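Here come two complexes built around chain A, the first alongside chain B, the second alongside chain C.
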Partner chain A sequence: MLSFLLRRLNLLLITALILTIIAFAVDRIVSVNADAVVSHNGYISQYFSYLWNILNGNLGHSSVDNQALLDRGLIFFASTLELCFTALIFSSIIAIPLGLLAGLFRNTRLDYGIMTIAIIGLALPVFWVGVMAVLLPSVWGQVLPVDGNLSLIYEVPVVTGFLLIDTLMVTEQYELFAFIDRVAHLILPALVLSFFLITEIVRLTRHSMTMVMRSNYIQAAYAKGFSRTKIVFAHALKNALPPIIPQLRLQLSTIISFAMTIEIVFNLNGIGKWLFISLKTGDYLVLPAGILIISGFILSFSIFIEILMVIISPLRRGSLYADK
Partner chain B sequence: MRLICLLFFITTLSGCYQNKALTQNTLIYCTESLPTSFNPQISHDIASLDATTHQIYSRLVTIDSKTNKFIPDLAESWQRSDDKLRYRFTLRSNISFHQTDFFKPTRFLNADDVLFSFNRMLDYQHPYHMVNNQAENYFYNHPFTNLLSEINKIDDHTVEFVLVKPDVTLLANLAAHYAVIHSQEYANQLIQQGQPENLDFQPIGTGPFKFKSFDSNGTIRYKKHALYWQSMTNIQNLIYFTNPSATKRYTKLLSGECDAISYPAASQLETLSKNKNITLNSKSTENIALWAFNTKRDILKNYQVRQALSQAIDKKTILQAVYFQSAIQTDTLLSKQSWALKPRFENDQYDPDKARQNLTLLNYDFSKTLTILLPDSSDVFNPNFHKTAELIQANLGDIGIKTDIINLSGAALKARLRSGDYDTYLTGINVHINDPDSIFRPLLSCNSTAETGNSSHWCSPKIQVLLDQSLTESNFAQRIKNYYQIQDEIYKQRPYLPIAHVLRLDAISKSILNVEVNPLTGINFQNAIKQDLN
Partner chain C sequence: MLINNGFNEDKIQSPLGYIWSIFKTKTIAVVAMWLIIVLIIVSLFAPWFVPHSPLAQNPESMLLPPYWVEGGDINHILGTDDLGRDSLSRLFHGLQLTLGGALLITLLVGIIGMLIGAAAALTKGVKASVLHHLLDALLAIPTLLSALILITIFGPSYTNCLIAISLSLLPQFIRSSFLAIEQELSKQYIVAIQLDGATKTRLFRYGILPNILEPTITIINRLFTMAIIEIATLGFLGFGAQLPQTELGSIIASSMELIYLSPWLVTFPGIAIFTVIIIVNVLSEGLRHAVLEGEE
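Entry: the complex of A and B
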């Protein structure tokens, strides 16, 4: 177990180092004029002081409003994560039942129907669907908000950065209205983002369900004379769902990058819009900070999932002893 | 399938996520750009005026939007001395400044505040004179410098304005956006705190709304000023939100996230005017786009040549291609709402054949290339100079005149204007006060240079006399007569070809009543009422 953890952490460390080198390079390129004075120190020593700053949680300050980049970046990133998470819930609610059905009734009309919808979802560019969604008020009038994180009526102080939590902290002032407003603002962007996820989850669930239904113990259960309903609910489901999770982990970076596009379309204050606006206003120091925050998160999250999978799934535990 | 069901379910929810009690007293205005400061004395762009003039501040006098007459605001009344040099204003008593987190006033408005507000602009030694001031737009910030010699405090509630020479535009200037009244007490407090620049960014005034916060996302929040001296609305919170995308503003108006939006895109105007839930407010402004002929050039010295060239320009196409529906075609320098406009029965006719004939009769040298000078960036009076220039180029090409388009910006443009080395110049004028003199003087006075507006290098003794006379003329009818004469002369002499008067457009939800838009001083939410339409 220990050697497995060490191996994983080793991987994390090396990848993180490579990332900081990239971030440092970007940082140097954009701030080459700003501190030409210190450049005679040589890049190696500069890099180490840069690394030291990062370890101390100092990613520098914005050249526009002089705020600490790490703090601001994390607040924006929290809102991006909130969007991704909501989209994940939406798509799971929609896609898992569809995928299971498609897997159960493989090669039937139902299967083809579901898969057609899924493929269409994959074929539609996310930002295009976003732009279409933004135009919805022209069709159905005052129904759902299409712009911003939260209605301007509410003034919610930033505590965690996760607005769903922050709005629950101001219930004294606004009751639950701020929270409901936040949920309403999340619905459309999360739905658009879940388009892509739905396709992935449907395909994964369908595949996994098919595999399970073909396996020997299901055949054995049929042979024992169990009803189909009992087999599906008692045996198949339990084994079909867990393999999807590590597969989804691989989609994390795609989801986040789509979320960043969606933010720009829906004018949400997330890390995507932050980077976009900063680039437009020439605040290039935000760029390496953004790289570090996003990739740092993806890196540690995927390693965390891997470790978690090893702990909960007996099959995977085999990789603990790979060196033996 | 379920997605469709879900969507259907959402549609039936129909906006019930909103808290009626809160939305009822909050008005959200979605604007195009951020204000450059919160003081109309130093910022003259429309975004700054919209965010400040009527909301935060009050002035001594204002103009009644219906009758166009000067009515008292912070000044209760005023008298003019017999020599026409002194105006005495009596201030209202018990006018309180805003109470905010950053300032708690201890006294009511008095003469010191008025003196402070004007001396900041006039007095070069004033501690606030240079605060936040950009040297570049210095001239425009000081419309009073050539007008006033001094301002005296007679007692706590009386101030006296002393003019350099008799000038009837004083009241118009006092009603202009830059004549707002600040709190001297607040200014002193800021000096003590060592942050005088906050005067223009954390404003204190006497207007119906007090400033609450401004964040970098472009959200400005105001709260109702409870002690405002006039009757007020049911709006408790006023919020401005900046969104540069016209499509976004339009969608947000439809989705109910904005109650009013500024500058809808030209392409949306038709659908907007058909929408029953939205009022489209269009106000013609005095801002005008012009094509100036450099009258000092040999080739353009003859007024008949200038007239013939004007005939060759197809303004209708320019309006359609450059302005869409955001401007109205014009043949006069003054706009339709100006009291000095001389009604005209013969209009400019677009007639290229006649233009060519006339030019041939005048022995015009068609081999010469005419230069069209234009600024690089767009301006309030012209969204696209280059396109306009290209259309003019095509029109002139039709009658056989070759043209050169010269794009210049900033200092290069100024230098070129000063040298006078150009034949024609695409320009316009951005008018701040409601007085014909503010258009005619920069364009036509001999004292005005090409940089300050007179890009046709026009100087005629006759017009100069008329301009100067009207400035001191207290007989209103005579003043109008003078301006009529000027207009006749200019129409004949043609130093400028007026192209379009620009419109100011706002789309406002039907649930909001009584929003006033003044094309000169900005939008006014003082009397706005929000009603529940459901």
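Entry: the complex of A and C
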């Protein structure tokens, strides 16, 4: 176990170093005109001072409004994460039962129907669905708001950056209205993002359910004479669901990429829109900061998930020892 | 009765021929295959048969609706945009860049990625470890972000957009082809080939490649789908095809201000992207099932 943790930590460190090198290279390229004076130091020493700055939490300041890039970026990224997380909840509620059904009744009408829905979800370009969703108010009337994070009438101080939590903290001022407003603003973008996620989760759940239903212990349970319902609920579900999590982890960067697109379409204040607007106005220094924040999160989150999987799933723990 | 088998040629089908004969029985997949061939031909030869030039402006007929809507014109089947340019012609020309770019990316990334994935799976030690760490770092950068980086450095153009998308899809493809090969490597017939003393290339060509057809189809299908969506997304954000070029995503972006006035300008390119992806997915599902049945 300890050697596993050390190996993961090692991986985290090396990959993080590579990422900082990429960020440094981008930083040098975009700021080559800004500070040509310092560049006679040589790239190696420059890199180490850059690294030292990163470790101190200093990613530089925006060249447009002179704000600290790290603080701004983290606040925007929190809102992106909120969107991704809400979409994940939506799509899990819809997709996991569908995937389980498709896996249980493989190659039947039901299975084909569910897989057709899944393929349609994949084939719809996310930004286009977003644009179509922005059209909705003109069809149905003003049901759900389609732009911005929060109505402008609410003044919510930034505490955690997660607006869902921040709006709950100002309840004595606005009661629950700010929170409800935030939820209303989140519903449509999250639904649009979950189109893609539903496809992924249905596919993964179906595959893992099929694999489990074919395995020997399920056959043994059938041989014992258990009913199908009991087998599914007592044995199959417990073993079919955990393998989905590490698979979904591989999709994390795609999900964040789509979330960034949706933010631009829906005009949400997330990291995607922040990068987009800053690049359009010529503030190129946000790029290395964006790389470090987003990739740093994806990296640490995937290693966290991997360690978590080893802790909660005995099967993974077993394969750890079998490797030796 | 005289039975003479001496002149009967018993032809044993090759595995690919067998898969093809199974594939031919799947009507929907065959239809999808022909549709794709038609789409490719249409997008290749679009300049020769579309009724109007995609850039020809016509102040007489601006913002026409499709012809089945009140006020439409049969000369412009899908209507016109705010400069009087024919939507259908623009759609075909857009398909040229979107579909063609996606096919190009799929071909390039597929070949390079498969080779690197095989190299990573078949080698051990420092080489494989360096590759893994590099890949892990690249995988942690989302596609949109790496496209933004490359486009900021090299400037927005259609070629740069294609390069950016290939570079960001490559790590994902390498990772999945690596996993497919790795799974195959642990099987017993591979061990048998290795015991025979086969070299790595021979092992890959004759041992592994014919047996990873099914996962390969899945990941290539995924690669193509992502490539189309990414090209359209970058075009939509204004980082892909630049103005005189027509690309489905950039057509959508340029009609965004008119979305309440003539929503079909935004609707049709989206439906075109959707249709292309659906057709490709149906074809790949058919192929996959044919391979699976052929293996059994």
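Operating definition for what follows: the second predicted complex is superposed on the first by the 317 of 324 C-alpha atoms of A that agree within 3 Å, B and C clash if a C-alpha of one lies under 4 Å from a C-alpha of the other, contacts with A are read in each partner's own complex, and residues count from 1 in each chain.
Simple rule for what comes next: a contact is a pair of C-beta atoms (placed from the backbone, for glycine too) under 8 Å apart; a residue touches a chain by one contact, two chains touch by 3 or more.
Values in this document were obtained by computation on a predicted structure and should not be read as measured data.
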{"item": "Contacts of A:226 with chain B and chain C, given as first, second, both or neither", "value": "neither"}
{"item": "Touching partner for A:134 - first (chain B), second (chain C), both, neither", "value": "both"}
{"item": "Partner chain(s) touched by A:269 [first = chain B, second = chain C, both, neither]", "value": "first"}
{"item": "First, second, both or neither for A:126, with chain B first and chain C second", "value": "second"}
{"item": "Which of chain B and chain C A:85 touches, first, second, both or neither", "value": "neither"}
{"item": "Partner chain(s) touched by A:147 [first = chain B, second = chain C, both, neither]", "value": "first"}
{"item": "First, second, both or neither for A:184, with chain B first and chain C second", "value": "first"}
{"item": "Which of chain B and chain C A:105 touches, first, second, both or neither", "value": "neither"}
{"item": "Intersection of chain A interface sets (partners chain B, chain C)", "value": "134-135, 138"}
{"item": "Parts of chain B lying in touch with chain A, wherever the complex brings them together", "value": "1-3, 6, 10-11, 13-15, 17-19, 22-23, 26, 28, 216-217, 219, 221, 237, 239, 241, 243, 247-248, 251-252, 254-257, 271, 277"}
{"item": "Chain A to chain C touching residues, read off their complex", "value": "11, 14-15, 18-19, 22, 26, 29-30, 119-120, 122-128, 131-132, 134-135, 138, 250, 253-254, 256-257, 260-261, 264, 272, 275-276, 279, 284, 287, 290-291, 294-295, 298-299, 302"}
{"item": "Of chain C, residues touching chain A in the complex", "value": "133-134, 136-137, 139-145, 148-149, 152-153, 175, 225-226, 228-229, 232-233, 236-237, 249, 252, 256, 259-260, 263, 266-267, 269-270, 273-274, 277-278, 281-282, 285"}
{"item": "Contacting residues of chain A [partner chain B, same complex]", "value": "65, 94, 97-98, 117, 134-138, 140-148, 151-155, 174-175, 177, 180-181, 183-184, 187, 191, 198, 267, 269"}
